[in-house]
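Consider the two complexes below, in which chain A is the common component and chain B and chain C are the respective partners.
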Partner chain A sequence: MEIRPIISALMRSKVAMILIGLQVALTLAIVCNSLFIINQRFEHMRRPSGMNEADTFWFGSTGFGQGYDARATQLADLQLLRQLPGVVAAAPAWSVPMSGGGWSTGLNLQPKQKTSTADTALYIVDDHAVDAFGTHLIAGRNFKPEEVVNATFGDSLHPAAIIVTKALADKVFPGGDALGKQVYLDDDPPTSTIVGIVDRLQQPWTNSKTIEYTTLVPAHMPFGNFTRYIVRTEPGRRDEVMKLVEQKLAESNPSRIIGKMRTIEQTRNDAYSNDRAMMIILGTVIFLLLTITALGVVGMASFWVTQRTKQIGTRRALGATRFDILRYFLTENFLITTAGLVVGGVLAYALSLWLLTHVADAKLLPWYYVPVGFVSLWLLGQIAVLGPATRASRVPPAVATRSV
Partner chain B sequence: MFSYYLQLGLRSLRRNPILTALMVLGIALGIAASMTTLTVMHLMGSDPIPWKSDKLHYVQMDNWSPDNPYNDDGRPPDQVTYRDAVALMEAGKADKQAAMYKLALPVQPANRELKPFQALGRVTYADFFAMFEPPFAYGGGWNRDQDAQHARVVVLGRETNEKLFGGQNSVGKTVRLDGNDYTIVGVLDEWNLRTRYYDLTIGAFADPDDFFIPFTTGIDLKQRSTGNNSCWKSPGDGWDAYLQSDCVWIQMWVQLDSPARLAEYQSFLDSYVNEQKKSGRFQRPLNNRLLDVNAWMADQKVVSSDVKVQTGLGFAFLAVCLVNTIGLLLAKFTRKAGEIGLRRALGASKRDVFGQFLIESGVVGLSGGVLGLLLTGLGLVAVRALYTNYKTVAQLDWTMIVTTVVLAVAAAVLAGLYPTWRACQVAPAAQLKTQ
Partner chain C sequence: MLKMQHLSKVYRTHMVETHALRDFSIHVREGEFVAVTGPSGSGKTTFLNIAGLLEEFSSGEFWLDGVDVRGLNDDARSKLRNEKIGFIFQGFNLIPDLNLFDNVDVPLRYRGYGAAERKKRIEESLSRVGLSSRMKHYPSELSGGQQQRVAIARALAGSPRLLMADEPTGNLDSLMARGVMELLEEINRAGTTIIMVTHDPELAARAQRNVHVMDGQVTDFDAEPALRVKARDTDVEAAVA
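On to the complex of A and B.
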């Protein structure tokens, strides 16, 4: 190989070499860290909510005026909803996964426990909720209709029966024997019995550290004059049922406001819009960065080719093949890129450490991003230099005899 | 001379259109990325009320569980209890004071053609309007007497008045909220709040409040907050138990007109909490805070870490673009060694050559800056599309426009300095010889 002459040629234009190397280094550092962040967001967004997301929607109803009976309206609404064609299940629900608002409490094994055993979200629902959410019972049973008690918001909540998610059951009873056990949702007795376990149902808050810990509580308990409903439809009939529900409920009672109907798909979209925006912004930066770097390599290599036309001609006249010339420029680019990548590897970790100290929840860049980045930028450099290098290889040997 | 060099520069730029385009585009993209992100960060974190942000203080007291801190890092709860809020309001030790919370009420328009709708508003005290200075279109706030009388009065937001009364002066008319009639005492004008800094517990970029009613009235209606509520032990049954509980759900602001007043209030607050400790409350160590507006915004991380990371990346990208431009200018100027040698041989000084090439890079910078400004505008449109709640902070203002152009030219000139300096080092004789 002809590495020695390449290096000595490079040493004659150190600054240009350093500039390209620096550009490659910064690009590697930024691209690795951005890709890592994108990947983390992707994993974050990918977590299943535990619901049937495609066929489900939810909305609120607010009554007004002195004569309004929230509880009676709730029961009438549910009856109406369940009779509509296309509805598979409908239930009152204080909140739904990814909606961002809801109620959480500590779940305890002892009365007046100082530190809670687990933090759980409470979904105040009825006996149709497991079906309406589209989650799956993996142990125990659903609520019985008589377990859905009338409760007043603001009073202590002591449900006799609760259903919890598997993650919560395993957290509180690591032995896997949660079914039938007693827990405290309040400081004082009476206790609540775990009658069923569902495979998964997320809390309403996507950034919660305990997102898998959810408890279903059976009660008819409007929040003032407000009730939230969740409706699951037959596959493919969601949008049509949504329109029907809006119309029927508005007709059924004029002294209330039916809030906006929102599908779970919209709710997911809204909940993760910041993450998606971050991914798009970082992706754009990566794309632009790679473009600029590639164009920089092309520009610099073109310049070098022009500058060295005479020398190339001389080499050709002395017997170098076209391939030798091509290889010269490819090797040169490889050397510069490699030097830049080595510096870039260090920079990537410097950047990662900076993020670690300045950004909550940041993690250290996993090692494999660096070799992947190396290979990608090597390829990028080689492809970028190919054009100018090919042009160089076409310089005729006769150039050597001419004055430039 | 300047205009001649400018001509030379432009001619030289035209000679290599692709290289020139590459340099201009590089700078423009770098400028656009950094300025878009910087604008969002700058406007998000900017002082919402610069003339008095150091006088408005957010009250925090640590009434949390003796066994568990509210925040792991020791910061006290971000809201206060009802009993403490009322006690501080009744003591009235600050120059102005306002407790508040968010609530939702159905609005029943008198006009039968309008459908009832849900409105998100705020219950607060009379001082709120003097403290946060919202602009009034008609009328004004209510007074402290009306607070004491639990008056059924309301201040409407601009949009609510637009909906109900077509934007007409509605002061003196009544509006029905959840079955109760309220007399309108004031209507707000457009209130351009970038961040709704007076209540950061429900997100800094929420829509403006639809209405305001007296705190005392809200409590009479037994209206709970639709904002956040946190309890560390069960509040017990019913509304009265809730009011007496240690649940936090109210935001408390005080205005203190001088540092001396701030010190006085701090000691008043400490003695209040110490007094409460005697009755068994506030079992945690004394941890009262009176952060001013900007400190409270920083504490609540109004500028999210995502925005900071994006800004950092924007500037790193600009750095790469500059390195790129330096390389390309260097290539370009080195190519012109012959021309420079000739000019030098004909008597041009190094200074002349330096000036000529610096102007050329300046032209690149200026074009990059102008294009960058356009791209920044586009970038902000994209940010508004990506973050629907950032519409108030993804806007160009004059400071940012000027900063953009200055940054672009400075960046290009800086990038041009080294290549220009190199160009000046050309020895006339050597260049002429090889030709």
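On to the complex of A and C.
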């Protein structure tokens, strides 16, 4: 291999080498960090909500006019919904995972605790909610109908029984014995008893650091004339049932407006739109950077092939085979790329450290991104230089004797 | 060493067909110093390119050191070129980004010699041309005559049996040209066959034998040296006839 003479020759024309090396270095640093951020966003987006997302939808109902009885309407609506064909379960639900709005409170083990043991989202629901969300009880039991109390918006909620997610149960009772334990949903007594534990049900806020800490509170509590419902259908019948629900509820009580029906899939789509936009932007940046770097390599190599046509002919005359010439340019590119990648590896971690100190929730770039980036850019460089190198290998040896 | 019989070379474009060499026959014996002369466009460089395996010919026969060159693929021609032939170009053709050591090293690397063998050969050949003290210098730091000496060192480093020189003094002043010619004569005396293409009659006169080329054909040639007549083989006689 002609590594030493190639390095010697490159050191005689440093500017082009440094420019391409820097381009490779910056590309590696930016691509590695961008890919890491994309991966983080992707992982963020694909977290399971704990619900049956494919078959579930939710909507609001707002009554108007004097004499509108929100509580009675809610009960009647639920009775109607549960009788409709294709409906598996229906429940009142102030909020749902990923919706972006809802209630939260501190969950405490002692009254008047200064710092809550855990922050939890509250889903104010009835005894059909576990089914309606499509989550799974892994310990204890569901609410009994008599545990679902009537409450008025603004009341301080002190339910006798609550159901919590496993993550919350483990946080509050790390020993794994949360079932049957007493907790405070507010600063004051009375306590609530954990009667059930579900495997997972996310909070409404996708950026919450305690997204897995959720509590189901049994209560019928309309907000003025406004109520929200969540409905789970038989598999594959969601869209059909949505139309039917809209029609039947409108017919059942003309003194209210049925709000826009939203599937959980739409809700997820909206909740993660920023993440998706970020992924698209960063993906575009990566694509453009890689394209520009590849074009830079092609441009530089093409220029060098043209500039060195006589030299290539001379090498051929002195005994170089076509493969020797091809290998020369591939090696030259490999060396420049390697130099750039070494600098780029350092830059990648420097950029990651900078992000760590300047961007909330940023994490340090995992070690394997840089070697993967190394290999990818090596390959990109070699593929990019292959065209000009092949052209160089076709320079005939007779060029050596041409005077022009 | 080199024998061509009824060789022709035709360059074709979609409009024109140019016969650069036609019915070209020549025989160069081992140890000879032959000057090929002729006006511009006569076919000298085409002959040099074909003789040096830099270019293929259209028809005829060509043996190089006993090897029938017809039908050799590109890799085989490169290998044969590297092993048998040393080139000296009019413009020196040194690689400007490599120092003298690395310039002379170029053909040796393609030969596949180990580092120690290459170093020995490079030092010997640069010493032979009087430039052993300037191995780390770059071509741009040398005069034209010195650059041509480096090119000669590069050509000699692989111990070729045939040296092809294309107007080796064409870019040099008379003093430097004389030095280069003396060096070539010395190399020839040491046993290396030299074919030198030139249009300079003075230089040609210093060769053992002159072959004059005109319109792609050998039109005139000197008698071969008397001492070598005994070694002449019948093929050559036929070719020359």
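Before moving on, here are some points about what is shown:
Everything below uses one rule, namely that the second predicted complex is superposed on the first by the 404 of 404 C-alpha atoms of A that agree within 3 Å, B and C clash if a C-alpha of one lies under 4 Å from a C-alpha of the other, contacts with A are read in each partner's own complex, and residues count from 1 in each chain.
Please note the rule applied: a residue touches a chain if its C-beta (ideal position, glycine included) is under 8 Å from a C-beta of that chain, and two chains touch if they have at least 3 such contacts.
Quick caveat, the model's predicted, so the values are computed rather than measured.
Superposition note: with chain A as the common reference, chain B and chain C can be accommodated side by side.
By the touch criterion stated above, A:Pro396 is placed in contact with chain C alone, chain B being left untouched. When both complexes are overlaid on chain A, the residue A:Lys310 reaches chain C alone and has no touch with chain B. In the superposition on chain A, A:Thr321 makes contact with chain C only, while chain B stays out of contact range.
Using the contact criterion defined above for the overlaid structures, shared-chain residue A:Pro5 touches chain C, although it does not reach chain B. In the overlay built on the shared chain, the residue A:Asn150 is in contact with neither chain B nor chain C.
Touched residues of chain A were counted for both chain B and chain C, and B has more of them.
Of the two partner chains, chain B is the only one touched by A:Gly65; chain C is not.
Applying the stated contact rule after C-alpha superposition, one finds that A:Asn274 touches chain B and leaves chain C untouched. Between chain B and chain C the least C-alpha distance in the superposed model amounts to 9 Å.
Taken together, the two complexes place no residue of chain A in contact with both chain B and chain C.
By the touch criterion given at the top, residues 45, 48-49, 52-55, 74-75, 78-79, 81-83, 87, 89-91, 93, 95-99, 102, 105-107, 109-111, 138, 154, 158, 166 of chain C touch chain A in their complex. Across the complex, chain B is touched by residues 15-16, 19-20, 22-23, 26-27, 29-30, 34, 37, 62-66, 114-115, 154-156, 186-188, 223-226, 255-257, 259, 273-274, 276-278, 280-282, 285, 288-289, 292-293, 295-296, 299-300, 302-303, 306-307, 355, 358-360 of chain A.
Interface residues of chain A, counted against chain C in their complex, comprise 2, 5, 8-10, 12-13, 310-311, 314-324, 396-398, 400-401, 403.
Listed in rising order, the residues of chain B touching chain A in the complex are 19, 22, 26, 29, 33, 65, 67-68, 104, 106, 108, 115-118, 178-179, 223-224, 233-239, 241-242, 304-306, 308-310, 313-314, 316-317, 319-321, 323-324, 326-328, 330-332, 334-335, 383, 386-388, 418, 422.
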